[in-house]
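Next come two complexes built around chain A: one with chain B, the other with chain C.
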Partner chain A sequence: MQKVIIESAIKLDSKQLEAIEAILKKRVSGKFSFENTVNPEILGGIRVTIGSKRIDLSLKGKLEQVKKQLA
Partner chain B sequence: MEIHVSQIIFQMINFGVVFGAILFLLYKPIIKMLDDRRNKIEEGQKAAEASIREKEEIDALKKKAKTQAEKDASKLIEKTEDEAKELKTKLSKEARDEMKIWKEKEMKKWDDQMAAMKKEMEKNVADMAIAIAGKVIGADVDKKTHVTLINSSIKELERSLS
Partner chain C sequence: MAKTPFDNINTIEFTPQVSSVGTIESLGDGIAHVTGLDGVMMGEIVEFENGKQGLALNLKENEVGIILLSDSVGIDVGQEVKTTGRILSIGVGDEIIGRVVDALGKPIDGKGEFKIKKYYPMEKIAPGIVTRKGVSVPLQTGIKAIDAMIPIGRGQRELIIGDRGTGKSSIALQTIINQKGKNCLCVYVAIGQKQSFLAQTTATLESYGALEYTVILSASAADPASTQYLAPYAGTAIAEYFMDQGKDVLIVYDDLSKHAVAYREISLLLRRPSGREAYPGDVFYLHSRLLERSCRLNEENGGGSITSLPIIETQANDVSAYIPTNVISITDGQIFLESDLFNAGVKPAINVGISVSRVGSSAQIKAMKQVAGTMKLDLAQFRELQAFAQFGSDLDAKTKARIDRGDRLTEILKQPWEKPLDVTQQVAIIFAGTRGYLDTVKKDMVVTYEQKYLEYMNTIGKEVLASIAKEAKITDEAEAQLKKLTEDFNAIHAEWMIEQE
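So, the complex of A and B:
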């Protein structure tokens, strides 16, 4: 069973968690256990970590991309 | 006075003897001596003329040698001057080329340094801008905005996994 960590700036409600679970079950093979952690540092949006793979959809991640492009 | 034939004959014989004596004892030796003297004088003259000719030949040779030596010296001086000019031009060109290479190197070094500094500054400015933006955004995002951002991220998640 793969552990999925969902980071958000505020706690996710059940609807949001269910939506994410549904997407992952549809698109990624395997069984999952879900964990939502609150991380204000990401500023907004979510950051999903599935095993060693990370999908950064947070505001902070977007700012980092902008920083890379500027540099 | 009576003329005796015997006296005449005697005188004639006497004269002949004296003449003969003078001829053989004086005339011929004197002539021989004069001839010898003339020959010596002639030989002396010839030797002098030969000596004068030899001297003239030597002088001509000396003059020729001197002229040739002057020509050779002049050529050598000219050649040395040309070589000196050539060397001067070559050294000047080498110095200019070296200076040009050094200048290009230094300019490139300077350009590289400036580019590195510019990149560093841009990075610092970007870091600062992002840090400030983060602080501003972090302070300004309310719950409603958070929910909107989360829903938007969920849609993006679906797109990124498809």
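So, the complex of A and C:
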């Protein structure tokens, strides 16, 4: 069973979590459990880690992209 | 209004970043063992939490072996590692010429950043057979012994091999210095060298004005083995950038023995199985894929070329050791330097008998072929008889003549390292040697003779030399003039001649 970790800057409410679960069901095959971790370092948005794969949709990640593209 | 970094802020695109992540299980000796990283590619760059980078080289079932590309300060066990989706590449641009950079392309000469135009991958598949053209244009080294008998062409790989202290780096540097004004850019890759040597070399190249067309890439002995391993590939990437513009490039790898040692160090630390002399099994591929990228491209692909001069250091003249035999079989010829010759005063200490250039006379201008054709044979016959040279007075005339000729040819092939000779000058002095005009000169006066002869030819014989330079061959008229000028010169300097009995 795969473990999915959703990191967010502030705790997500149940509506948001349900929306995310719906999308994940389409993307992840097999059973999975997910947990919402609060990580203020990402500043905003969410960062989803499925096993070893990470999808970065956080504000911190976007700021890093800005930094790289402006350099 | 001044240009700020934020002017382009409207053009920024945000894409979701998908990467693989892992955790460092153990860290030491410049290697990080990481679990996770399921989607990592071979040779992919990975990023540590503090922004430092590593290269994924060992893809095992349960862990990934990553070599650090910098020091390990700020990297700890338990930290997260992320893939970047990029393979190792180096930033190149026209402004890299004249700079000294490290193996990752960062300037280390204190002159600030240079403008990066493109990113060239360090690992690249060599150009295929159809895109290549045969080697036919000479690369003049300015060294008589090489240009006359072991000529190098643009696009060739010629190995310089010898013991320590025999002048290998000097030959390479002399070749770089001689490329001034010859439309050939140079890249000097220093692998595992002493930093003091590199400082000296940079100063030397600058004093001869060679830095205007040379890039120096250095992974010194103090740098991690990972950067020493990558340095030659980075240098080749820089050379390829210029070759793709249709230019000719000369690249010197100084030296590949230290490169093999750095690779052995990494492989042993990654626990890869070791073979002969503890080198890993793919040490041949290490050098073959590097040297295959030096080639000459045909017109449709730009017509550029990369000529490479790899250097290998032997121990006790043992050319049958593992790495020397590997590289000898890869290159298009080799220049052997011997410490015996060096100690006997023959500098450059090239053993012409066993040195080979597989491209040969296709890389020589016609004028040189006309005069140097018999030189190799004369010297070969001389070497056979050298043992009998002790018996000076008891030999028959023919043997003595061969020995005398050989002695004088050896004398003219001696050359101080900072004095490269233009090819027309070489043709002149070799003409004097192979046509017998030196046979009557006293042996210890040959060096003085050469100096004065060239001065004479540069003044009185200026027109003949110009005609040879222009036609790239010796016309019948030029030959007659050369003969007369040399005979006149001999007559003027009768005091240098051996007294005829």
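Here is the rule we go by: the second predicted complex is superposed on the first by the 71 of 71 C-alpha atoms of A that agree within 3 Å, B and C clash if a C-alpha of one lies under 4 Å from a C-alpha of the other, contacts with A are read in each partner's own complex, and residues count from 1 in each chain.
Just so it is clear, a residue touches a chain if its C-beta (ideal position, glycine included) is under 8 Å from a C-beta of that chain, and two chains touch if they have at least 3 such contacts.
Being a predicted model, the structure only gives us computed values, none of them experimental.
*Asks:* Return the chain, chain B or chain C, that is in touch with more residues of chain A.
*Replies:* B
*Asks:* Tell me which partner A:S52 touches in the superposition: chain B (first), chain C (second), both or neither.
*Replies:* second
*Asks:* Output check: A:V66 vs chain B and chain C. Expected answer is one of first, second, both, neither. What do you get?
*Replies:* Touch partners of A:V66: chain B and chain C.
*Asks:* For chain A, give the residues common to its interface with chain B and its interface with chain C.
*Replies:* Of chain A, residues 55, 57, 66, 70-71 contact chain B in one complex and chain C in the other.
*Asks:* Given the complex with chain C, which residues does chain A contribute to the contact?
*Replies:* Per the touch definition, chain A meets chain C at residues 49, 51-57, 61-62, 65-66, 69-71.
*Asks:* Given the complex with chain A, which residues does chain B contribute to the contact?
*Replies:* 119, 122-123, 125-127, 129-130, 133-134, 137-138, 141, 143, 145-146, 149-154, 156-158, 160-162
*Asks:* Along chain A, where are the residues that touch chain B in the complex?
*Replies:* 8-10, 12, 16, 19-20, 23-24, 27-28, 40, 43-46, 48, 55, 57-60, 63-64, 66-67, 70-71
*Asks:* Residue numbers of chain C touching chain A in their complex, please.
*Replies:* Within the complex, chain C contacts chain A at residues 5-6, 8-9, 12-22, 36-39, 82.
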